[in-house]
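Next, two complexes with chain A in common: one pairs it with chain B, the other with chain C.
Moving on, here comes the complex of A and B:
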């Protein structure tokens, strides 16, 4: 029998068949083993830079899924998060777990006639929700659309103008559409994201494993991934936090727009709406027959983006039904009036 | 019964130990090869350690192109693992004699490929430290990813059992009991089809990505896997034959050649069907395909890749279909061409373009970073290392050189303790007779 590579070597044969351990074989095996261990240790040396101990702490590791936590578990988790935030940002946060209200289903309506593309909503959102400034994470993307089309393929994502709006464009902000049939929830392998009873799709940042399947599944490109530990200047931290919304995230997890649930579940408006200078953004409870959003859905010609995706968005767009030549100019009296 | 369990508990660790010792024995070529692989694997480990500390920012992935080389390699290797059935089906269903002694190398390849798949998935996770969450909240059956977890791990266990049982029997000079492996073999045949189908459904089930949202993805995956996998096995078997003298008949190679010819033909046909549907309709959902084949708005990073893949696969198909395929070197070149061609087609050609443009129309191109490439080559090197060791210890067992009561000359500890039993090895059939 010929095994040319694996045992043809006479030297090896002699060495290997020698009974017991000789001084030479001991030295040789010892040197090889030491070399191997040293090489592996050297390869793993970047691990010495792991400094954020909270990220890998035991209490963090044993923390349960959001839906399995009782009051005590949640209190412990909030305390742990508070300490971590305080240590990192020198700010004692006011962090709570805010549950959805009964009889509420939030929807958003955006008036494309009024939006001027100033991107104030983008930045208000970043500040409200403690998004990473480097690398930059933003939940809202505003597209500059040429008139005459609603095909978002033709939108300009990176328009830079001294003044907005541009006469021959309209502007279309896109953020999480809080779908009633959310593909991102369906695909998550560990149930780290789900839809709450008020229609907001939330993420348990401490449960997400970072596979980014939801990011691939979202037709609205609403989800963002923390490719590194987010960095936020200490003086920019918003201490008004909640577990499922704007508490600082860790490296390696997903995040997204949550309709500012730490505000809206307490009756306030989302940050993007409050900052909007033109009143293009409308938000409220669609189950309330007197709400403004309900009026809009009933009286305006609303549409949703990518209806064919079948995700049933809770984010509606509409145009004012006025003089079409002047529709982007909110100063025009023709565009006045509510909603 | 109790005695046989006791004996197993005593003998099995010894068997593993002997295999462990054996994996360190070889001539200078073996050592050079293993050293080379170890160095690449360690570079990969080092790169992964960096990624673990800094996050996936060390890769070229972005929010726009959120899956890259890791998922591409994962997809390709699922195919390689599934392709083991192209040896199993001829042997167990059609009773092919030429492949009978080779089928184990296909199954071992499946084991290694699945382990590599799991490593690529782990490399892609943002929080691998949380993998236990899979056991605590398993979104089955809604998430196709959970189906894939079951499919891949189940396939790994099936193949580990089949290979492990057959090798263990050979080691103990026993005839394998059919009931202990034949049902598993047939389960594994169906399972192999399922792993690649489920992996295809991961992509084709996403309405957000029109480029993937096509019924032809699963058949295409299977066809390309049944081409690239056996092509890899053809090359591997020749290396095994040259390296160890293990008998690999020309008929075995030509059976595999027939399989890859048909599979590659079907694969190219399916690709053609896809291309026709995308481009003839001219609907907006063909933008990703346009980007892939021709470039879009001046962005064209993938164009050279896909055309080289098509060129490589066409070359391979031409060699296989013409008398040129009778030349062993040309056949090997064709195998190599299709292994690379299909890797590009499935990775750069299928995973990446689905993200370009993004669902809301932004074009961000993807270029892997050096760190990411090092992690990938590291996993490949580690896979080859595992496969080399498995083949290296399996062959002496199959030859009857490494037996439960026989001393193998490369194993000094056995030489000492079991000296008296050396006279009993007459039971082992000599390898010459086997051949």
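Moving on, here comes the complex of A and C:
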């Protein structure tokens, strides 16, 4: 530790000889000042690691909020993101900004009688949405629920078996419920997350400050935080991207299920539905009277999770009528022999 | 001199401590390295073959064509000789790979037409092709057929908005094996590899003689607390 007093100049002597300024007080303030400067420098030292242009660039810093961007701003942002993705993953993405469709409100329905808990949806979602493999981020959790309870506190999402389903359990996948009254949106201090007209709650990853208020506010544990820079194998990148959904995220931002909006806003089914081996997952436009989800809401006994939270989810669970002829194994939801 | 310094010594050591504290903090920040270690678990690899979207199994076309010894064969290539009727139950010589496990529906000619083996037979004597298998199944599985028509049972893939692209509604046999329609238990993909807090399985222990959900099971197995949730794996 080098003290500045050692090489005293004329000036410092002059200061030191002033009334009220002694050698001791000079030493004291000098040490404090040097220490403070050093501490500030040290606290900023992580900035040295920001070599990746995408992590910190002037254009990203000056980028406007999603809702304030015009076409030109968005084109510039997409070009910047595209370059960053290509630099990091050697893949030129097809990245777009896809707006919600008019007259569409998305609803998801999940048949608990059919779900067997195979977790194919979980991993199809990871592949589709460029989720981090290390540390692991998954949007869908499948709870293994003991028979006889709907208390999700008793659910276990770490179940491991040779085969599923287990006779003693039923399975309840949980992902973002795209609530009509979303608590996560209310708590965001910077309006980085909002509900679009088709019911999907989206996140502007470039506007999120990573405070995790939304994660705490969500009663369904649907939001995930990037505690470190996500890592995705280069050959696993899905180049079909959109600004608000599956473009690669940065360290320190939130993410969550967005009903695969880069697929669903173009009319396609979400990835988790496409991969489901039992047809337990149903998706569509609830405003269309002929849609599958509308038929389910009108004719099945549906319920929402944590209704008492007042979140008005757009994600519904339902059971089929109990089958009286299925004598062999009444507990097995995969015994699809309902009469 | 000593008198003036006495005046200053109202805060005798605090001034030094602030500065030295800052320096120690700075030194610690630099020496410990700038990067923060985040505890992270790698996600177990999932093969692409395990998450193939779309159709679950391949159903027979109409008329059914199967490849035998690299020749394309149709049912009636063989079945023009063999015209057994429903009552003439016998041991199978061919088709021994088929395991019939369809409840009380346990005879080939309940569904297959005896006169034309490339057709399926309905209860009213009419026949339908293999591409309209749902009409056959609907004869017994009415509520399921009703739900399937509305898109509630079964699976529709492709586009939810049919103005933008095709929607494919899977038929009965594109998910179920008609000879053994119940789904076999299947292997599951790896679970989340996240940090765990607290005990994960304590609440699951529902083995209790008083629990009506367990009583019949305990009675069946003849043992108390020996089966059921004790199979719970995944606790590490």
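Methods note: the second predicted complex is superposed on the first by the 276 of 339 C-alpha atoms of A that agree within 3 Å, B and C clash if a C-alpha of one lies under 4 Å from a C-alpha of the other, contacts with A are read in each partner's own complex, and residues count from 1 in each chain.
Rule of thumb we're sticking to: a contact is a pair of C-beta atoms (placed from the backbone, for glycine too) under 8 Å apart; a residue touches a chain by one contact, two chains touch by 3 or more.
Everything quoted here is computed from the prediction, not taken from an experiment.
Of the two partner chains placed around the shared chain by superposition, neither chain B nor chain C is touched by A:195. Within the superposed three-chain model, A:141 lies in touch with chain B and with chain C [touch as defined at top].
In the superposition on chain A, contact of A:174 is made with chain B only, not with chain C. By the touch criterion defined above, A:209 lies against chain B but remains apart from chain C after alignment on the C-alpha atoms of chain A. Of the two partner chains, chain B is the only one that A:220 touches; chain C does not reach it. Using the contact criterion defined above for the overlaid structures, shared-chain residue A:150 touches neither chain B nor chain C, since it reaches no partner. Applying the stated touch rule to the two superposed structures, the overlap between the chain B and chain C interfaces on chain A comprises residues 1, 36, 39, 42-43, 45-46, 49, 135, 141, 153-154, 157, 227-228. The part of chain B that touches chain A in the complex is made up of residues 25-30, 38, 42-43, 45-46, 49-50, 52-57, 59, 61-64, 66-67, 121, 124-131, 133-134, 136-139, 142-146, 149, 202, 205-209, 242-245, 284, 287, 354-355, 357-362, 392, 395-396, 399, 401, 409-412, 415-416, 430-432. Residues 4-5, 8, 15-16, 18-23, 25-27, 29-30, 34-36, 38-43, 46, 48, 50-54, 56, 103, 140-144, 147, 150-161, 163-165, 170, 175-176, 181-183, 185-194, 196, 200-201, 203-204, 206, 211, 213, 228-229, 231-235 of chain C are the ones that touch chain A when the two sit in their complex.
Interface residues of chain A facing chain C in the complex, by the touch rule stated above, are 1, 22, 24-25, 27-36, 38-39, 41-43, 45-46, 48-49, 101, 116-120, 122-124, 126-127, 133-136, 138, 141, 146-148, 153-154, 156-166, 168, 227-228, 264, 266-269, 271, 273-279, 282-285, 291-292, 295-296, 299-300, 320-321, 325, 328, 332, 334-339. Interface residues of chain A, counted against chain B in their complex, comprise 1-9, 12-13, 16-20, 36, 39-40, 42-47, 49-50, 56, 61, 65, 135, 137, 141, 143, 151-155, 157, 174, 183, 186-192, 207-213, 215-221, 223-229, 250-254, 306, 309-311.
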